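These are the structures, in structure tokens.
In what comes next, chain A is part of two complexes: it sits with chain B in the first one and with chain C in the second one.
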Partner chain A sequence: MLFTDYSFILFVAVVLLLYYIVPRKMQWPLLLVASYYFYYCDDWRYLIFITVTSVATWSCALIMDKIGGKGDAYLKAHKADMSKEERKAYKAQVKHKKNMVLLLSLLITIGILAVTKYTNFVINNINNFLKAGNGIRAMDIIVPTAISFYTFQAASYLIDVSRGTIKAEKNFFKMALFVSFFPQLVQGPISRFGDLSQTLYSEHKFELNGFGRGLIRIFWGYFKKLVIADRIMIAIKPMITMTDKYYGTYVFIAMLFYALELYCDFTGGIDITIGISECMGIKLKENFILPYFSKNVKEYWNRWHITMGTWFTDYIFYPLSVSPKMLKLSKWSRAHLGEKIGKRVTVYLSCFLVWLATGVWHGAAWNFVVWGLANYVVIMVSQELEPLYAKFHNKFHLKNTKGYAVFEICRTIFIMSCIRLFDCYRNVPLTFKMIASMFTKANLKVYTDGSLMQLGLTSADYTVLFIGFLIVLGVGIYKAQTKKDIRTELMKNVPLFCFVCVILIVSIVVLGAYGVGFDSTQFIYNQF
Partner chain B sequence: MKKAKKIIIITAFVLLTFVLLWLAQRLVMPKYQKGIIEGSMIEEYYRDEAPHEVLFIGDCELYENVSTVELYEKYGISSYIRGSAQQLTWQSYFLLEDTLRYETPKVVVFNVLALKYNEPQSESYNRMSIDGMRWSSAKWENIKASMTEEESMADYLFPILRYHSRWSELKADDFKYMFKKDLVTTNGYYMRVDVKSEMDFPPAPALTDYTLGDNSMSYLKKMADLCEAKGIKLVLVKAPILYPYWYEEWDEQIVAFAQERGIDYINYIPLRDEIGLDMTQDTYDGGLHLNLAGAEKFADYMGAYLVEAADLTDYRQDAKVNALWEEKIEFYNNLRDAQLKELQEYGELRSWGMNAIED
Partner chain C sequence: MEELLEILKELHADVDYDTCETLVDDRIIDSFDIISIVAEVDDRLDVAIPAEEIIPENFNSAKALWALIERLEND
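Presenting the complex of A and B:
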């Protein structure tokens, strides 16, 4: 069931209605049933995977909690009998036990993800490496929708419990809901148990304001997805598939179009997710904060898919950076390469591994690996060029000018869009070739000779896209300049709020690129 | 703001949303007033006030080949053709069910060519046959039986979901006929006065299996059962058209079915001479459909059978019904004259037919 299916809209309407009809203590169990039904609609076999992940997560977390609890109790009871060293040794023993359970649980949860998603990728690469045409046969493995999202969510919970940041959830069904909560199941945001549990299991009374806020966010999400993203996709498709015909300037156009599509698609999906949750009184973390207003790639990644970024930072980058082996390497590199270079080695190595993992998480293909590493290279190069930038700014004093800010924003958009082309073309060499053609085979006539009209969009479509883009941009600028939440402002004026809702609904229904004649696609991030 | 006031404002805007969407739906739905007019035919039935003792249900082999006005003028038969392009057997069945909600004709004439289709065929033909129906269980079941894989019930429940993309191709006619459309047929009969002689059709290709499909035959049986239950005489016909082919093997199955059920079945193909059809003059598209001259001849011939086979009222004697028919005849004659005038002026019809340009 896709967010854009009529059946999904009906499903959400029924769930919302039941949510406020059933006794309040039955609200979260209702959500669990709804979430499993939602997943069942995709493929009943997916339920097996998500249930195994939930059971492993729940039981291992309880075991870790129990080990920790017992350890604390033992230390408390023997406070007087134990020396400091004995206590330290005992704590290490407890930690080791917890780590063993954590390892086991991660092997199960991430193991499922790895096997389902990456087995055939590995097989293909082995075959390519051995140049064996009929080598190992690819396996017919089911890849459950959104497995990357719920696995990461489960993993974060397990690590948090092992660290003692949160207590393990005793109720299995509550845990199962945390893993499967339907609005965020398919494309995030990747929630933390500590955040989501505060409102997910609470009893919620119907509140007109909260419901209205949620509703308008849903409409806004559908507007971005159906009116902009799915419409512009029509033009992108030929440009990225018929590469013999569409190169040079077309690559540049495809790049910009894809930047807009991905933004509207992904943020649209997240708006729908957060909106549905808000309608139920459940708070989810924001996943985007005006990413296209970032002045550099590092900042961009602090604003784009935030919950994924923080996940990698909290659960891979930091643990890796402070791991004994990294500390040892840091010591060695400082001694042998000097303080200046040596201190960078571990940071850069950790970053490298994080970006490699980020790329692999996005998809089982070399395109994503290269995409991840390209981000890494840009961030590292930017960091290394910092002193040069500083010198430049000392000399020219442009840093705080509006013009330079606009330049920085455009530069970031260009770099990110360029890197994102690895997501579009079918393999890495082709992507490099197409990027090169953008600079070597530019044909500016494309803009004026009617070629853009041959991409499947009419002038009316381009008009809608342009107006839609201006609206999205306008909302972004308003948000960036006033630092105000536009929905809060709208809620202050009920007729205006209603009017905006009406405009959004009518625009979505009439101008949306859906139904017969349109290739209704799933949200891009569903595949991860 | 007080809660009550807030609720009133919200309710008003909810209503406004529905009104706007309804208006948008009226606007973007195809009007079928020029060019492909078949999409208007089904809904026209509900506007007709005259009683109908003979109901024709089927595809273009009925609505283009039988002149309802000729039936009236010559025999006083008040009839209606509920047909649309490539109307499938189950669509005809559900249209019969739908018609029975309003009246019970004495005779139902079904053209058997549609039996060759055992499965849903085309979304666009489905829409032309179904969109015009009023909502009832018959329409609901018709949609369920007719939907192709790409279709969904929601698109029928809320046609704006299907037609919304027409916003960029709206023409003056879409505004003009937003709330009320002109009639495009005379009691379901689609008139063409131009002439294009019957062509030589290639020999009929052999089929691997000549058995008429279970699904379509089951609806034929249901049709027979329904007519029997309602005391209606069901007549099966095959219009005197050679192409698309009507295989002998198919004919034999219909003959057997008709005999088994005690139903009249008339295959008019072998009776073309008896009808008086001159296919160099009586067809407008190379023999696929009859033109006005052919449709009147065919109606003449069929009318004689109908008055013989059923106890039909001569409505010419009924002042009230006759007055209604006088209007239809006037419409029919005006339409004929307009087409003839255009034919004389340009040598072809430009305002009628598939290639007619919409305003």
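Presenting the complex of A and C:
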């Protein structure tokens, strides 16, 4: 069931109605039933995978909690008769036990993800490496929708329990809801148990204000998805598939179109997710903070798909960087390579591994691996160029000018959009070839000779896209400049709020890219 | 505390660590800086800061970071 299906809208309406009709203590069980039904509608077999992940997560977390609790009780009882060293040794022993259970649980949960998503990728690469045409046969494996999202959510819970930052949830059904909560199941945000549990399991009474805020966010999400993203996709498809015909300037156009498409698709989906949750009084973390207003790539990644970024930082980058082996390497490299270079070795190595993992997480294809590493290279180069930038700014005093800020924003959009082309083309060599053609085979006539009209969009479509783009840009500029929440401002003026809702609904119904001649597509991030 | 301030000053000399309490929240220090701090603290003060302690509350100010180091030392 896609967010853009009529059945989904009906489903959400029924769930919202029941949510406020049933006794409040039945609200979260209702959400669990709804979430499993939602996933069942995609493919009943997916339920097996998510249930196994939930059971493993729930039971292993309880075991870790028990080990930790016993350890704490023992330390408390023997506080007086244990030396500092003995306490330290005992704590290390408890930690080791917990780590063993954590390892087992991650082997199960991430193992399922790895087997379902990456087996055929590995087989293909082995065959390519051995040049064996009839080598190992690809396997017919089901890849559950959005398995990467719920697996990461479960893994974060397990790691947090093992660290003792949260207590394990005793009720299996509550845990199952945390893993499967339907609005965020297919494309995040990747929530942490500590943030979500309180709001997810609480009893919520109907509040018009919160419901209205949620509703308008849902409309805004559908506007971005159906009016902009799905419409512009029609023009992108031929440009990225018929590469013999569409190269040079077309690559530049495809790049900019895809930047807008992905933004509206992904943020639109997140708006719908957060909006539905808000209608139920459930608060989710924001996943985007105006990413296209970032002045450098590092800042961009602090504002784009935030919950994924913080996941990789908290659970891979930091543990890896401060592990005893890395600290040892840091000492060694500083002693042998000098303070300046030696300091960078471990950070750059950890960062490399994190971006490799981020690329692999996005998909089982070399395109994504190269995409991840391209991000890594850009971030590292920017880091190295910082002293040069500082010198430049000392000399020219441009840093705080509006013009330079616009330049920085455009530069970041260009770099990120360019890297994102790895997401578009069939394979890595073709992507490099197409990027090169953008600089070597530019044909500016494309803009004026009517070629853009051959991409499947009419001038009316381009007008809708342009107006849609201006609205999205305007909302972004308003947010960035006033630092105000536009919905809060709208709620202060009820007639204006209703007017905006009506305009959004009419735009979606009249201008939305669905129905005859349109193929309302799956959200891009659903496939992860 | 003096040694910690020295470590922090080496990273960003222009920051007033006596008053600033939003080092992470205001992105004055980023994840790369945090890793450098952890490595330096391990090296110079012989205190290992585990990954689970790398949270904004512990790194938002020099005072909070010093409190963490003292807690880990006495743990």
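As a working rule, the second predicted complex is superposed on the first by the 528 of 528 C-alpha atoms of A that agree within 3 Å, B and C clash if a C-alpha of one lies under 4 Å from a C-alpha of the other, contacts with A are read in each partner's own complex, and residues count from 1 in each chain.
Operating definition for what follows: a contact is a pair of C-beta atoms (placed from the backbone, for glycine too) under 8 Å apart; a residue touches a chain by one contact, two chains touch by 3 or more.
These figures come from a predicted structure and were not determined experimentally.
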item	value
First (chain B), second (chain C), both or neither touched by A:K298	second
First (chain B), second (chain C), both or neither touched by A:A89	neither
Chain B versus chain C as contact partner of A:L511, first or second or both or neither	first
First, second, both or neither for A:Y318, with chain B first and chain C second	second
Touching partner for A:Y6 - first (chain B), second (chain C), both, neither	first
First (chain B), second (chain C), both or neither touched by A:I48	neither
Touching partner for A:A480 - first (chain B), second (chain C), both, neither	neither
First, second, both or neither for A:T346, with chain B first and chain C second	second
Intersection of the chain A residues that touch chain B with those that touch chain C	none
In the complex with chain A, residue positions of chain B that touch it	1, 3, 6-7, 9-10, 12-13, 16-17, 20-21, 24, 28, 123, 150-152, 154-155, 160-162, 164-165, 167-168
Chain A residues touching chain B - in the complex, by the definition given at the top	6, 208, 458, 460-461, 494-495, 498-499, 501-502, 505-506, 509-518
Residues of chain C defined as touching chain A within the complex	27, 30-32, 34-36, 38-39, 42-43, 48-52, 54, 75
Complex contacts: residues of chain A adjacent to chain C	88, 163-165, 298, 302, 313-314, 317-319, 321-324, 327, 330-331, 343, 346-347, 350-351, 383
